[in-house]
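Before anything else, here is the set of structures, which you'll find just below.
Next come two complexes, and both contain chain A; in the first it sits with chain B, in the second with chain C.
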Partner chain A sequence: MIDDFYKYNPYELDRSDKNQLLTNELVELTEFHNNRCPEYANFLEAVNYKKNSVNSVEDIPFFPVRLFKEYDLLSVKREDIFKVMTSSGTTGQSVSKIYVDKETAMIQQKVMIRILSDYWGKKRLPMIIVDTPAVLKDRQMFTARGAAILGLQVAAREMVYVLNDDMSLNNEKLDAFFEKYPDQPFIIFGFTFMVWKHFYQELKRNNHKYDMNKAWLMTGGGWKKLEADAVSREKFKNDINEICGIKHFIDHYGMVEQTGCIYAECEYGHLHASIFSDVIIRDFKDFSVCSHGRQGIIQVVSALPHSYPGHSLLTEDEGIVLGEDDCPCGRKGKYVKIIGRMQNAELRGCSDTYADKYRRT
Partner chain B sequence: MTNLEKYNQAFIETLEVAKEQLEGLEYQQIANWDSVGHMTLIAAIEDAFDIMMDTDDIIDLSSYEKGKEILSANYDIEF
Partner chain C sequence: MQINTEELEFLVGNHDILCEMPQISVLPMFSDKIVAFLGALSRELLNDKRSKKFVDVISYAYWIRKASIEKNRDKHIDRKCRIGRGVAFHVAPSNVPVNFAVSMTSSMLAGNITLIRVSNKKFEQVDIICDAMNKLLEDEFNYLAGYICVIRYDHSDIITQELSDICDVRIVWGGNRTIREIRKAVLPPRAIEMTFADRHSIAVIDSDYYLLQDADEVAKGFYTDTYYTDQNACSSPRLVVWTGNKVEEARKLFWSKLGELAVKDYDMKPIQAVDKYTSFCTLGMGHKGMKLVSDDNYVVRIEVDNLYPELMEYKNSGGYFFEYYAGELDDIVPVLTKQCQTVSVLGIDKKDIRDIVYKYGVRGVDRIVLLGQTMGLEFIWDGYKMIENMSRFVYIGEYE
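This part shows the complex of A and B:
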C-alpha cells in the first residue's frame, strides 16, 4: 500500500529498509498489472517472470518505455481514465500516452509535493512561473510543461506567469510580484531553456534589478540545448547568481511515464531518488546491473503507477549512480547523474523540443 | 453567516453549482472542478475562513464532505 510510504520522510530510509519497502510494493504492483493489463501479462510471460524469485528491486522485470508509444496500456477500465498525459514530441515523433485515473493522479500530486517540501519546506510560497498562461489553455502545448505547472499549484500561495504569449518578459507583472512579496522566500519555476533565454537574458539585457536572494529556482526539462550553446550547469548557476542573486537551485529529472516521482537536486548538485522510486543503471550490452560510477541505461521504478503498467521501466536515457546513502546533504538513498538521451533515441526532453521549435521559427 | 453557509458559498461561487448539487459532489465530477477550479475553490475557502491550508489537506480535499472533515479536524472550524 502506498500509505505505508507516507509514514516516512521522502529521504529517510537507507538501502536495506528502502529495498524492503519498495520491493514489496513493486511485487504487488507487478501482480496488479499482470491481472489487469493483457499486454503487460504477455510481457511477463515472455520474460518468464516468477514472483517468488524476486528478492530485491533489481529483480522486477523492466518494461521498455517505448511500448507506451506503440500501445494503449491500461490497468483500469477506460471509463475510469480522467486524463491522458503525453510526452512532449516535435511533429513526426511518436508520443507516449499515459492513462491516468483519479487515484493515480492524486498519488502523483501528493508525492511530488512531499518530495519538494523536503527542499523548501511545507509552507506554501508565492511562485513566479517562467512561462505564458497560454501553456494551460492551449491543449496542443499541454504536455509535460503544463502538467508540471499544474502539479505545483498546490504548493503555491499564488502563481504569477511572467511571460507574455509571444515569450517576452512581462516586467509589470514582475514589479507587482516583488511589491506584493518583498523580502520573503519564493519559488521561480520554469524549463531550463526558457529560464535562460526568456528570463535571465532579458533581465540582464534590461538591467532590471530584483532581490531574488531568497528565491528557489526550480528547473526541469533537459540541458542538451543549453549545453549545445556552451551553457553548462555551472555557468547557468553562476551567471544567474551574478545577475539575479539566486542561491538556491533545484533542477529535477522526471518523466511523464512516472509523473510525481521526481529526482530533485540537492545543494551539492546531486539528483536524489526518494523512497517512492529508484534508479538502476543497466549495462548497454547485457542489461546487467552496473556498479556505482559506471555509465549505462537508466531503469526507473516507482510505487505510484496504478492505472497503467509503468512501475518499472527501461528508459532511453543514460546515467550513472554516483553513490548511495552517503551524500553530504544527508539525504538517504541513491543519487544519480543523468547523461541524457542515448544516441539514436529520439530527442524528447520537454525543454529541448521547445528549443527545437524555437530554433526553426 | 454560519460556517456552513460560508463553506457552501465558496463551492457555489467558484464551481458555479447549485446548492442542491453540493452533497456528494466530488473532485473531477464536473467540468468546473478540475485542477484549476480546485485551486480557485481552495483560495475561496481560505479567504472565507481566513486560514492557510497545508498542501496535504489541499490534495486530500476530494469531495464536498471530505472538505468539511478536513476543516473541522485541522482548522478548528465547526459545522
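This part shows the complex of A and C:
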C-alpha cells in the first residue's frame, strides 16, 4: 500500500529497508496491472515473469517506455480517467499518452509535495514560472513542460508566468512579483535552456536588478541543448549566480510517465531517488545491472502509477548511479547523474528502420 | 532541354552534359565501349590505396572486371536484339554507399545514358568511385563523358520532376517512403519505372547438415549476411527456420558461434539494445506463443511456435532474429509474402524452395541463395533481370 510509504520521510530509508518496502509494493503493482491491463499481462507472459522469483527491485520486469506511444495502456476503466498526460511531442511525432485517474493524480501530488518540502520546507512558496501560460492551454493534452509545471502547482502559493507567448520576458509581471513578495524565499522554475535563454540572458541584457538572493532556481528538461552551446552545468550556475545572485539551484530529472517521483538535486549536485522510486542502471550489452559509477541505460521504478502500467520502465536515457546512502547532504538512497538521451543509431541497409519510424526528438 | 540545376552538385559530369542527355545516342546492350570502361574502372579502384579499407568497393571492383562482365554478357543470349532505352534516372539509397555504382553498372550495360542521384550523406566509397570515373572520363574514355552524371541535391519535388521529365527509365531504391516521395513526380508517358521497396529475408537451415559443416565458417558467412549491414539490408535474414533431426544441438552451436563474432566485431549502440527489446515487447503484447531465448543483447532471439504473415512486421535489425522449428519445409509458406525477398539455405536444395514458391503461388521470394551469400552482387535483383529491364528489345521476328 502506498500509505506505508507516508510513514517515512522521503529520504529516510537506507538500502535494505527501502528495497523491502519498494519491492513489496512493486510486486503488488505488477499483479495489479497484470489483472487489469491485458496488453501488460501479455508483456509479462512474453518476458516469462514469475512473481515468486522476485527478490529485489531489480527483478521487476522493465517495460519499454516507448510503448506508451504505440498503445493506450490503462489499468482502470476509460471513464475513470481524469486526465491524459502526453510527452513533449512536436508535430508529426507520436507522443506518449499517460492515462491518469483521480487516485493516481492525488498520489502524484502528495509525493511531489513530500519530496520538494525536503528541499525548501513545508511552506508553500510563490513561484516564478519561466514559461508562457499558453503551455497549459489544452488541459487534456499537455506536454512534458506543462506536466512538470502542473506537478509543481501543489507546492506553489502562486504561480506567475513571466514569458509572453513569443518567449519574450514580461518585465511588468516580474516587477509586480517582486513588489508583492519582497525579501522572502521563492521559487523560479523552468526548463534549463529556457531559463538560460529567455530569463538569464534577458536579465543580463536589460541590466535589470532584482533581489534573488533567497530564490530556489529549479530546472528540468536536461542539458543537451545547453551543452551543445558550450554551457556546462557549472557555467550555468556561476553565470546565473553572478548576474541574478541566485544561490540555491535544484535541477531535477523526471518524466511524464512517472510524474510525481522526481529526482531532485541536493547542494552537492547529486540527483536523489526518494523512497517512492528508484533508478537502476543497466548494461546495454545484456541488461545486467551496472555497478555504481558505471554508465548505462536508466530504468526507473515508481510506486505511484496505478491507473497505467508505468511502475517499472526502461527509459531511453543514460545515467550513472554515483552512490547510495552516503551523500554528504544526508539523504539516504541512491544518487545519480543523468547523461541524457541515447543517440540514434545510423544503420546501414536499404530498409526503413524501426528506429526511423519512431525517430525521437 | 532546360533544367534548373543551380541546386545540383555534380560529382561526375556537369550542367551541360545533363542538359544534353536526351539527345545522346543510346548504345547496344553490353557494348564494347562500356565493357572496356567498366574494366578500366575496376583497375582504377583496385589501384586506389583508399579502396583497401572498404570491402564493398573491392567486391564491386571485382564484379566489374572485364572477365566477370564478359561471363555475364554470355548469359544474355538475346543481347543482339537489345539497346538502351534512353536516359536512366537512378535514385540511390542513403545507407548503402556502393549501391549507386551497382545500379549504374546495369544501366550502362543496358546501353543507357545514366543519371544518378546519390544520398546527401557523405561516404568515402562514393568519392573513391567518382574520382576513378572522373579520371577515366577526362582522359581515355572521354567519348563516354556524355553518358554519365552523378549528382546530389537536397530533397526537392521540383528538381525530381525536372529530372523525371527527361528520363526513359526511373530506378528508385527504397525504402517505401522514398518511393512514395519520388512517385509524386510523374513520368513521361513512355517511361518505365523500377522500384526497390523495403523487403525482408529468411534463412532455412537443415540441422543435420549444419552439424557436418565447419561451424566457424558458417558463422562468418551468416555474420556477413546480417551484422555486416546492421541486419538491415533487404537480403538480411530476420527469421531462421530449422529443419532436420538435431535442431537443439545445431541451434546451440550456431548461435554461440555467431554470438562470439557479434560481441567481437559488431559495434552495437545502446539504443539498439532498447530498440530490439522494444520490438520484442511490442510483439509479445499482441501475440501468444513466443519467447525470448537469448542470453544477451547482441544476438536477440525470439522463438515462435507458429509462422504467420504479420510476424515479419515485428522484425528489427542489428541482431534480432525470429526462430522457428519447421516439421515440414512447407511450414514456411505463411511468411513467403510479397515482402519476402531472399531465402538463404544451408543443407536444403534451392530447387525445393523454388518448388514451394510455385506449388503455392506465393507472392514473395525473388531469390534463393546459399547461406553466407546474400550480399553477393548480381545482375538479377528483386525479381528483375536488371540489364534487360533497363533496355529495349528490337524485334525482327527472332529472339537472338
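In this text, the second predicted complex is superposed on the first by the 340 of 361 C-alpha atoms of A that agree within 3 Å, B and C clash if a C-alpha of one lies under 4 Å from a C-alpha of the other, contacts with A are read in each partner's own complex, and residues count from 1 in each chain.
FYI, contacts are C-beta pairs under 8 Å (C-beta built on N, C-alpha and C of every residue); 3 or more make two chains touch, one makes a residue touch a chain.
Since the structure is predicted, the reported quantities are computational estimates derived from the model, not experimental observations.
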| item | value |
| --- | --- |
| Contacts of A:G254 with chain B and chain C, given as first, second, both or neither | neither |
| Contacts of A:F287 with chain B and chain C, given as first, second, both or neither | second |
| Winner by number of chain A residues touched, once chain B and chain C are compared | C |
| Which superposed partner A:G146 touches (first chain B, second chain C, both, neither) | neither |
| First (chain B), second (chain C), both or neither touched by A:P64 | second |
| Contacts of A:I297 with chain B and chain C, given as first, second, both or neither | second |
| Which superposed partner A:P305 touches (first chain B, second chain C, both, neither) | neither |
| Touching both chain C and chain B, counted on chain A across the two superposed complexes | none |
| Touching residues (chain side chain B, partner chain A) in the complex | 27-28, 35-36, 38-39, 52, 54-56, 58-59, 62 |
| Parts of chain A lying in touch with chain B, wherever the complex brings them together | 82, 102, 106, 109-110, 113, 117, 122, 124, 136, 150, 153-155, 157 |
| Residues of chain C that touch chain A when the two form their complex | 93, 95-96, 99, 173-177, 196, 198-200, 229-234, 236, 263, 268-275, 277-288, 290-292, 295-298, 315-318 |
| Interfacial residue positions of chain A with respect to chain C in the complex | 39-40, 42-43, 45-48, 63-64, 66-67, 70-71, 284-287, 296-297, 314, 316, 318, 342-355 |
